[in-house]
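Here you go, one structure.
We call the chains A, B and C, going by the order they appear; numbering starts again at 1 in every chain.
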Amino acid sequence: MISAAGAQLVLLSSLASASDAAAVRLNVPVEWIVFAPLLAALLCGILALRTGDARARYSGAICVAGIGLAFLTSVAIAASVGYGFAHETVFEWIRFDRLRADFAFFLDPLTSIMLLVVTGIGTLVAVYASEYMRGDRGYARFFAFVSLFIVAMTTLVLADNLILMYLGWEGVGLCSYLLIGFYYEKPAAVAAAKKAFIVNRIGDLGFALGICLTYLQFGSVEFAVIFEQVEALRTSGAEIPTAIEAIPFLLMLGAFGKSAQLPLYVWLPDAMEGPTPVSALIHAATMVTAGVYLIARTLPLFLLSEYALPTVAWVGCLTAVFAATIGMAQYDIKRIFAYSTVSQLGYMFMGLGVLSSVGATFHLFTHAFFKAALFLGCGAVMHGFAGQLDLRRLSGLGRVPGWQIVTGSMLVACLALAGFPLTSGFFSKDMILAEAFVTAGPGYRAIGWIGLLTAGLTAYYTFRVFFRVFLGPVHFTAGEEHHGGHGHHFHPHAPGAAINVVLIVLGAGAIFAGWAGVGGGHHGWFGSMVHHSTAAYEAPAGAAHGGFFSNPHQWMMLASSVVGLLGIGVAAYLHLYNRAAAERLRRSILPVAVLAGHKWCVDEGYDLLVRRPLRFIGHVCYSLGDTLIINGLVALGGAVPRLIGAAVRPMQNGRLQGYGLGMAGGLATVIIIVWVML
Amino acid sequence: MLLTLLLIPILTAFAVILRPARQAALIATIGSTAAFAWSMLVWRAFDFGDSAAMQVTASWTWIEPLGLRLSLGVDSIALLLVMLTAALTPLAILGSWTAITQRVREFYLWMLILEAAMLGVFVARDLLVFYIAFEFTLIPMYFLIAVYGSTNRARASIVFFLYTFTGSILTLVGLLYVAWAHWDQYGRWTFDIAALTATAASMSAAQQAWVLLALCCGFAVKVPLFPVHTWLPLAHTEAPTAGSVILAAVLLKLGTYGLYRFAMPMCPAAFHEYAPLIAVLCIVGIIYGALVCWVQRDMKRLIAYSSVSHLGFCVLGLAAINAAGVGGSVMYMINHGLSTGALFLCVGMVYERFHTRSLDELGGLARRMPVWTAFTIFFVLSSVGLPGLNGFVGEFLTFFGAFTSGQPVQGLPTGGPLGPWYGAIAATGMILAAIYLLYFAGHLVFGAYHLPDTSHAGHDDHAHVRLPRDLCMREIAVLAPLALLCFWLGVQPGAILSRIEQPVSEIVTHVNAAADRSMLITAIDESEDR
Amino acid sequence: MTEPLSILALNHYLLLSAVLFVIGFIGFLTRRNLIIMFLCTELMFQAAAIAMIAFGAYHGNVQGQVFLIFILTIAAAEAALALALVVMLYRRRPTLDAEKWSELKG
């Protein structure tokens, strides 16, 4: 058995000093990963501001070129870094007193993986969007924001210190804000954008405080220096101060905000107001995994505390099952996949918590493919059916001409999400669940069982969508964006080449990405990559095999296949063969279904408990505090001289002689006083 | 050299009243730009290798028996504020070309006089020169509000004048007490700031506390700190755009600069002792101001309250008395000047077009005014403290300073009277800032496009100049330099940080050492009593 | 510089000054014509000036004379200003009775 506290950190001792000879010398200009999309963002931004400029139609191509260049550079970087690490300073940023935060990059295999995911999926989504967004008034604006997002996200991933990471962190939050609110004339979109930014800020507060505390304890915010000291602290065996144990909890808060975990998950489902390519790129594949990346990157800090990782595991586990229950009761297919994203992110945190950083990052990697495919498939449906997303109003699309590729890639992606054997989601999910059963920790066994249950729920709701929308009798109604008027027969608009190609690539990824991690644990390509990064740890030799069967991974593959197939089977019965039965079932548990449909009323609760009281205090401060009390006191202060003035005013009657007498009287008084005193 | 800097706006002011009214705007713009160019020369002449020392000095005898001298000079922090003033005044003037249609010459006259007075505050090395300039800023500002303000301008101008004047009279008392103490000790009068600072710093802790109280009365009103902030929303709301810009960007900084230049070095022991109290006021102000912002319906008042919240951060950094805090505070002064000044300009441009400040009457401007929207969102983000823009560096450093103040870093003790809790609670202001500024942006920029009822808006602006719906080139020329500066300072904050490191570390050492000394004296006294 | 004034001579000058001042003062209080009242204030001015110059001579320094010159200058300026005001008032309403102008109290 591996115990959370007993796991040993493997850190390349040479990692601490960047200038060390062990560092890989990069022969690729790494800053282009950031600068190429930045250039694209600037160009698209200028085009967006020039209303009526016909060149705006090139902005899709500009964006694809920018992100594509970043992807190519990332590939070269990944090859060049290999299993080593590198450090590159681009320019000096904040240097004050003893605080140092440069615009500098830290590259290790974990960085390479993230870079490939971000720029790879980014390129695909940009290609997809160049068709999807065509005809939109904000075409150039969209690509400006997407490029900017890639800039921020790659900065986040590449950062060599916590403050620069915070820059990327807030930057992706900003782009998320701008893109969720892309259709700014829709009040729902504006509200959702605001909500996303503010909820994220709550998490960011934790992150920022974590940075401060890290500086206090380690005297630096640079990863290399921090990890070196963590290593020294661990080897010295000295007692770990409470303040250091608090650091992971603060960072965790940031991660939970960005990655939409309990209790800060509420923004992500609403974020679906943004254009669908954005949902795929930002709110499924890349940005929301930043929290997972943060914990994986700072895993050494988390290992210092006895309670940090179990907390992460439990939060992840509860979020996974909670979001899955909501997802089961939704009708909007995009929202279902949004809750599914929350749920899958829960798995990743679970993986980190049960000390399977390989499993967590591997799930991050595979999830990026199949979830992007799912969202882009949804987007194709939305695009073709004038914004229709209600699964009750769509059926049998698989048999509509021109939709075969979409259906095929959706099937593959759904299978991967459901954990169907030999698809990518299957391998990564099993890695996490198996680890939950073998790692010793508070209630980790229970986490494993809940995870397994959630896998079943996931399979159910995923195929609920697939069976409803793509199979069954053909019938559909157009969404709100259809302006053909009544009487006209609605013709769905089948996706074009760009969309289909992207879906094929992602569908292939959803199947084959899993093979990158075959071998499990620290074997296989993926395992070795993570093993050589800061997220590595080493299980005490020989302790890994002691639980259920001789090999927990094989057992888990079997168990989860059964659970997954069970979920798919239930969905097939209720939503393909006997849709009436589903309705009967729903009616028999109506209160629960309605409550789950209303997302367990969490949003309303937050509104009542947080937003309203704060606004009320604001009103009280303004009308009572400022207007009444402070201004009242000020007015009182002003009234005193006025009253004195009113009292002596009659003396000034305008008669010159009277004034003269007054002067004489005053003079006389002074003289008498002087006389008497002398 | 500095005297020339002061004379350029004054001479331009004369030129403005001597020439016909239609040339006034142009002359004022050229003159204030010339002052900015001259300030660049001062910047060139300044040796940043020794940035804590007073440089570019000049001194003339004024009233010999009283030791009054007209002596000028700047350290790097004062120089930065001089640059801020000189850079913003031309932009504010350029921004009011079409907004001011009546009493044009007087308007530019007062703007230029105001510039000279503000520059005078930052370049003074003599106490009375400082104080005269400090008070003289009130007069032009009073007229700018009272003559060119909107409906409630009479009350606003009087409240503004009396509020700040009452405060600064007490400041004068404190400063004169220090001058008297110097006379008492050395038998001659002097108003040299450096000499008086040395005298004041050697006073007993109790005396310092009284001086601190007197100084804070004036400076806290000017900043403004909670609970003496209520003049600010009123003045900001009623002032014309250019007035609001200067008020937010520079006049508020007179308060923080006063705290930095006088309160901290003159009463170091007392400042150290009472810093927690000041910090608590700041934190209350940060949260209070932010919450009040959130319920405003008037966009100018909203931004005014946001200044209350932001300046809370600024003074919190000073109260942290460590390098990060004080440095962050100086950075914050510059950043707040740029981003809030720019926000007032943006809001003013909308006001000029639609003649309303109410968030209820406007909405969805993004659709018709994309360029304006881009600028506004940019400055909102800078104000929220988005990393990569200027606001972040100052905000992060101040609350980082408050957090780390007095805490051992890696076991090594550092100075400062605050602690993590101050930083943690102040940081909630970051969340609230996001809430109210996005509320502002959400209402004004996004949402459905709607404008005030135009049926009666037409006839109250007789001499109104026609403006295009979106920004014209002149307005872009006003905002673009600010945007570039905001971006540049966000990416290269070292341009400022490296230049203020020396004076900041000097004052931090000074205050902390004095506090240690004072504590030692108290301890010795106590042991002698026993 | 001639001999300083003796104490006896000083007393004479001061007496003259006091008499002038009292005459001026009584005149100011009793007369109602604005011009007469104004002339009476001038009288008080000159009384003060004589006292100044006498003390100056008594102490043997020039400060008394300096003040005299100041007073003369200011009195001249003031006379010009005050008489101009009186003319303005007279144009507005043909009376110079101080009582009649009491609404100017402000």
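The rule we apply is simple: a contact is a pair of C-beta atoms (placed from the backbone, for glycine too) under 8 Å apart; a residue touches a chain by one contact, two chains touch by 3 or more.
These figures come from a predicted structure and were not determined experimentally.
K.L.:
Have a look at A-C versus A-B and report the one with more C-beta pairs in contact.
P.N.:
It is A-B, judged by the count of C-beta pairs in contact.
K.L.:
When you take the mean of every protein CA atom shown, which chain's own CA mean is nearest to it?
P.N.:
Chain B is the most central one.
K.L.:
Using mean C-alpha positions as chain centres, tell me how far subunit B is from subunit C in Å, no decimals.
P.N.:
A distance of 51 Å separates the two centres.
K.L.:
Could you state the distance in Å from the CA-based centre of subunit A to that of subunit B?
P.N.:
Result: the chain centres lie 37 Å from each other.
K.L.:
So, what's the distance in Å between the C-alpha centres of subunit C and subunit A?
P.N.:
88
K.L.:
Provide the residue numbers of subunit B that touch subunit A in the complex, in ascending order.
P.N.:
159, 162-163, 166, 227-228, 230, 233, 288, 291-296, 322-324, 327, 364, 366-367, 370-371, 374, 381, 386-388, 392-393, 396-397, 399-400, 403-404, 407-410, 412, 420, 423-424, 427-428, 430-431, 434-435, 438-439, 442, 445-449, 491-494, 497-498, 501, 505
K.L.:
Name, in rising order, each residue of subunit C that touches subunit A in their complex.
P.N.:
Checking each residue of subunit C against subunit A gives 25, 28-30, 32, 37, 98-99, 101-106.
K.L.:
Would you tell me which residues of subunit A are touching subunit B in their complex?
P.N.:
45, 48-49, 51, 91-99, 103, 163, 166-167, 169-171, 174, 177, 181, 184-185, 187, 190-191, 193-194, 197-198, 201-202, 204-205, 208-209, 211-213, 215-219, 614-615, 617-619, 621-622, 625-626, 630-631, 634, 637-638
K.L.:
Along subunit A, where are the residues that touch subunit C in the complex?
P.N.:
652-657, 660-661, 664
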